[in-house]
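Look at the two complexes coming up: chain A is in both, with chain B in one and chain C in the other.
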Partner chain A sequence: MSKKSFIVLLLFLVMGLSGGLVALHPESPGSPAAHAAAAAAPPAPETPASTWTAPDQVAALERAKETVPFVDAVMDECKLCRQMRLRETGLGTKDIKHSYFVLNSPIINAVEDHYGPVRFMHSKHAAQIQDCAMCHHFRPLGADASETTRCSACHQEAFRKDHPERIGLKAAYHQQCMECHRDMNQGPVDCIGCHNKNVPEHKDKIQLAANPTPFEVTEECLRCHKAAGQDMLKTAHWLLKGPSPFTLGHRKEVEIGKATIATNNF
Partner chain B sequence: MDLSRRGFFKIMGATGAGLAATGRSAAAWESRAPEDAYGCLVDLTRCIGCRKCEQACQTVNGLPQPEQSFDDLTILDRKRRPDEKSFTVVNRYYSGKIDERDQLIPTFVKIQCMHCQDPACASACIVGALTKKENGAVHYDASKCIGCRYCMVACPFEIPAYEYHNPITPRVMKCTFCYERVAEEGKLPGCAQICPVEAITFGKRADLLALGHQRIKDNPGRYLDHIYGEKEVGGTSWMYLSDQPFEDLGFIQVPEKPLPQLAETIQHSLFSYLWSPIVLFGMLSGVMWGFRDKGDRHIDREGENP
Partner chain C sequence: MSIASNEARCTSCHVGYGWKDASFDHTDMTRIDCLVCHDTTGTYKKTPTAAGMPDPEVDLVNVAKNVGPTSRRSCGECHFNGGGGEAVKHADLSRQLLEPERNCDVHMGGYDFQCTECHRTRNHKIAGRSSSVPVVEGSFSCEECHTGSPHHGDDLLDHHLNKHCQTIACNTCHAPVYAKCKPTKVFWDWSKAGDKERKPKKDKYGMPDYNWKKGEFRWKESAKPVYTWDSGFSKRVFLGDKVDWRSGPVNISEPVGSINDPNSRIAPFKIMEGVQAVDAEHDYLLVPHLFPRDKEDTTAYWKHRDWQKSFTDGMKAADLKYSGKYEWTTSQMYWRVEHEVMPAESALSCVQCHASLQSERTCDRCHQDNREVDFKKIAHKGTDFSYMASRGRDVSHLVGTTDYIGFKALGYKGDPIIHGGRFKKLPMGYKVEK
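Right after this comes the complex of A and B.
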């Protein structure tokens, strides 16, 4: 059997399965499974089986590269008016087109790129908040314009001369996410809670001979990461003993580790 | 004593008349603030105290690495001032306000050179090493500096620092407003570019003032109706919006008149057309003329009694 016919067969199998699922649960919409199959189909022929990538991640990365034309004017309405209007039109979480985004806009990256992109669970946030207007706080002006649009439609470069009041995309993300996380007392408000730090490629930094001993490897790490080494010396892992900070009533007791109960405890 | 009472009054009268005449003719002090200067508007209600501005400043200006990492926010536990190794620092203040979860709400304040419209440091500089540029920056030229440090005494915001550790080529160190970067079209000061929440807005000073007043108008509950730097010392290129009184946030209370106004008025009225040295030496010569040897004093060269 050729590779091509195998893939076609696989595709039929997946579609048949999803069709069966829909038949079993007639009230559930068939679109997610069909969408997943459609998203899974394009990368399958090119990518070899050894480097599998999540199709939604690939799709989100592709989407992150897009830029949309700048929205010059927005409809001027109060938050409450907007919330009521959205409720009347029946727009809600069921209308979400993309459940997952990678926030990696070329608008920001053109200026600086210190941190890794943020992975944003759109549907999860929407399901918790149940209020589109919380983040989609304005809509483009015009009767035929979309009710919700992506952040980067209105927020692009910082300090635009034609729109001094409009904050840039980076600030829009940070203000929106962090202020809400703080108000709700949920979600991270520090840098590395959302971002991975861009760790430089270590291939050229590490200087090790062939077949190094474990001690040589540790020494090589400590050459740059001295503080991490000092911190390590204070851990329960190294001392073989530690407090029980989370056990109610036993907070000052040294219970973890074999330092106090074993004789030969190196 | 040959200078008679009448003669003395003659000389003093002439001096007074001369003083009065030149005093009136001395030109009134005029501001030399650039018309179309750039500036930055710092919105303290937006600042989250992440210290990224400090980090960007260090990178952009090639300043030495600090002992404590920029990611270490425990440094906010104490109040700092800009020094010769850091052009800008962020301090944290607690007003005593608490949020719904009884946590103290911090206010973070970024300090750097205010880049006054009429800078006292540039006025005090005797060699013109400090100048106010058309783009708003108060620019320091190390090649002209003689190290007198008058600028440090003159600055009302106590900003310029000095490389005391460097005995051969010491420099006065202060925020440059990223002069070279801003002079290039489309580039921003390092701190304004990196700020994740746009607490620093960069733009023309006039536009920023309009924007600041608009923000206050749109959200009067969030801001005090005061832009620090709009009128302080005749206006500064760096301006601040806040929800807390500025005096509680370590801001120095300064007059609204440009500081060089008084000093320069005195100096310029004293030295215009060099009238004051002329009068001084005229007076001295008058005194000498009054005391001159008229030949009626016999000097006994041989030491004999007359």
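Right after this comes the complex of A and C.
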């Protein structure tokens, strides 16, 4: 990354942080305006769209949209050499520019998009692993090049003719994350451990006559999701009772809940 | 208080249709309400008093055609309104979390987390433990994402903060007040109910102090939690359990923990205080029948304002004997503060708890070297509540205070920097790294 873009990013980060320090509440909590605002919170169809945004997430999603120039040549050094050299430079968690990323690259989404983006806690991984070279395993060749570039600088589309040795970004992410999680016996290795599954469009799937009863709607859901229905019958949200493994004297019981003997003072 | 005899009202927060009494068929899949959780239009509503049936105005076909993942909105439809209103039960859950400020909750306001990103769901079983209810379908904790050493920097402060993780729960520092987005109910006196003449007065937050159906209330906003040792286990009073109500408040739920247990940590709680009825002979808590079953109902308190009839009916529904003699007792529930996690820069500063760091000597009490470190600045890094107070939160009385978590009440002789930590020698079960 060039010095100029580093400064721009730093400014962005500072702006993001100060943007995050905005008011807890513009009005005092008891004011009529605050109450009116609370009462008007659910966006009815006729109300204008909300302008609310989550600042850290928006910044990370913007970063995810950026594509960086492809790195053609990388420095040829053995892994141990690289680890030693990075340690000599004193590179550490303090140098991390972005502690958080959303892995949502247009390079991958252009091919398929069955799963949602992945939240990636960069600083946390760095602090746990204590070895930047574990993921930043190569660097671009140029003398001024950054030691730590994005994955997507070297890994972009799969099966590039000019670089058949490079795996694509999707494979790179999956190989890097899952292999390390397996080796360390830590972190998820299944799809929904990292991703949310995208729910497919249901407009054309739903077959309901006008004004159905609620029971007819459920039957229509069950037409495809019968297993989900069977799962549901065993859950606390359905039974309002279930196992109580953290309640002294009742740790082996499975039938305690609001539907049975739980009580409160509300 | 309990669902028994009050199903038609209480089960408006059930993921089913028509649980109006004990005869509800829990094996009938067509009674599952898929839409209440999977609606993405924001138009689906249950009628509050119809045993979970949807509002007849809802366009069910449109909702069904737009199903999707759950969200803060769909979960919050019930969970933001526990106890009959917003933030009433869960101090740290309210409609404010639909579009929260980053400072209100950094996960939801900063990073737009939906509930199930932490409350991971498998086969419709949803992970999460509450100190209020016993049911657990899976656990998770802050550490699962943030690890047991979550302060990522590599300086001395991070080292000390990470060591604190063995003794205090994350939210002790990172959620220093609860209900900061919306006032929560902290006291509810059922014995005062029934006075239709009494006019509710509004408190400084604009919240009413009375409702003839429910009794007298007190509310708190941006409240300081009660801190106590918590091992993750709870003691609970269930219906039919004998309680010693004559000698003090009945603790319906309370954490199990001890300063001597290396697995216990100091955690923040909202304590919900109540006045509720107890059977004066059987010494167990009573269930009132509150919500009328139908027009012919002759016993519901919200219709007839007669506690005797209400308890007789409620206890019959709960399948417990009622002696006919009731008394009012005070009760308490501990609710651990789990949400409203503030950004790092708004966590408690060192001096907020450690009075010794307010004096001239701070970290240099131990670190007697000539490093170029501004110890004073480090000790004051974090919130001192003045910023929150300046934004209109009810915390001005907390500005400039120290010993925030109350070391003596927790079993220490005083500030551990002066008097030492909890273990004079390493106890059995102590792990350096968790």
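Methods note: the second predicted complex is superposed on the first by the 156 of 266 C-alpha atoms of A that agree within 3 Å, B and C clash if a C-alpha of one lies under 4 Å from a C-alpha of the other, contacts with A are read in each partner's own complex, and residues count from 1 in each chain.
We adopt the following convention: a contact is a pair of C-beta atoms (placed from the backbone, for glycine too) under 8 Å apart; a residue touches a chain by one contact, two chains touch by 3 or more.
Because the structure is predicted, anything quoted here is derived from the model rather than measured.
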| item | value |
| --- | --- |
| First, second, both or neither for A:V217, with chain B first and chain C second | second |
| Which superposed partner A:H181 touches (first chain B, second chain C, both, neither) | neither |
| First, second, both or neither for A:C191, with chain B first and chain C second | first |
| Touched partner set for A:F159, first chain B, second chain C, both or neither | first |
| Which of chain B and chain C A:G242 touches, first, second, both or neither | second |
| Partner chain(s) touched by A:V111 [first = chain B, second = chain C, both, neither] | first |
| Chain touching more of chain A, residue-wise (chain B, chain C) | C |
| Touching partner for A:R85 - first (chain B), second (chain C), both, neither | neither |
| Footprint overlap on chain A, where chain B in one structure and chain C in the other make contact | none |
| List of chain A residues in touch with chain B within their complex | 111-112, 114, 158-159, 161, 164-165, 167-168, 170-171, 174-175, 178, 185, 189, 191 |
| Chain A partner contacts - residues on chain B that touch it in the complex | 46, 48, 50, 71, 101, 188, 192-198, 201-203, 207-208, 210-211, 214-215 |
| Complex contact set, residues of chain C against chain A | 1-3, 10, 14-17, 26-27, 29-35, 37, 42-43, 53-54, 60-61, 63-69, 73, 82-84, 86, 88-89, 95-96, 98-99, 101-104, 106, 108-112, 117, 123-126, 129, 132-137, 145-147, 149-150, 152-154, 180-183, 185, 188, 202, 204-207, 221, 232-240, 252-253, 256, 272-274, 276, 285, 287, 331-333, 343, 345, 387-388, 391-394 |
| Parts of chain A lying in touch with chain C, wherever the complex brings them together | 17, 20-25, 27-31, 35, 38, 41-45, 50, 52, 54-57, 60, 92-94, 99-100, 119, 121, 123-124, 126-128, 196, 199, 202-203, 206, 208, 210-212, 214-215, 217-222, 225-226, 228-250, 256-259, 261-266 |
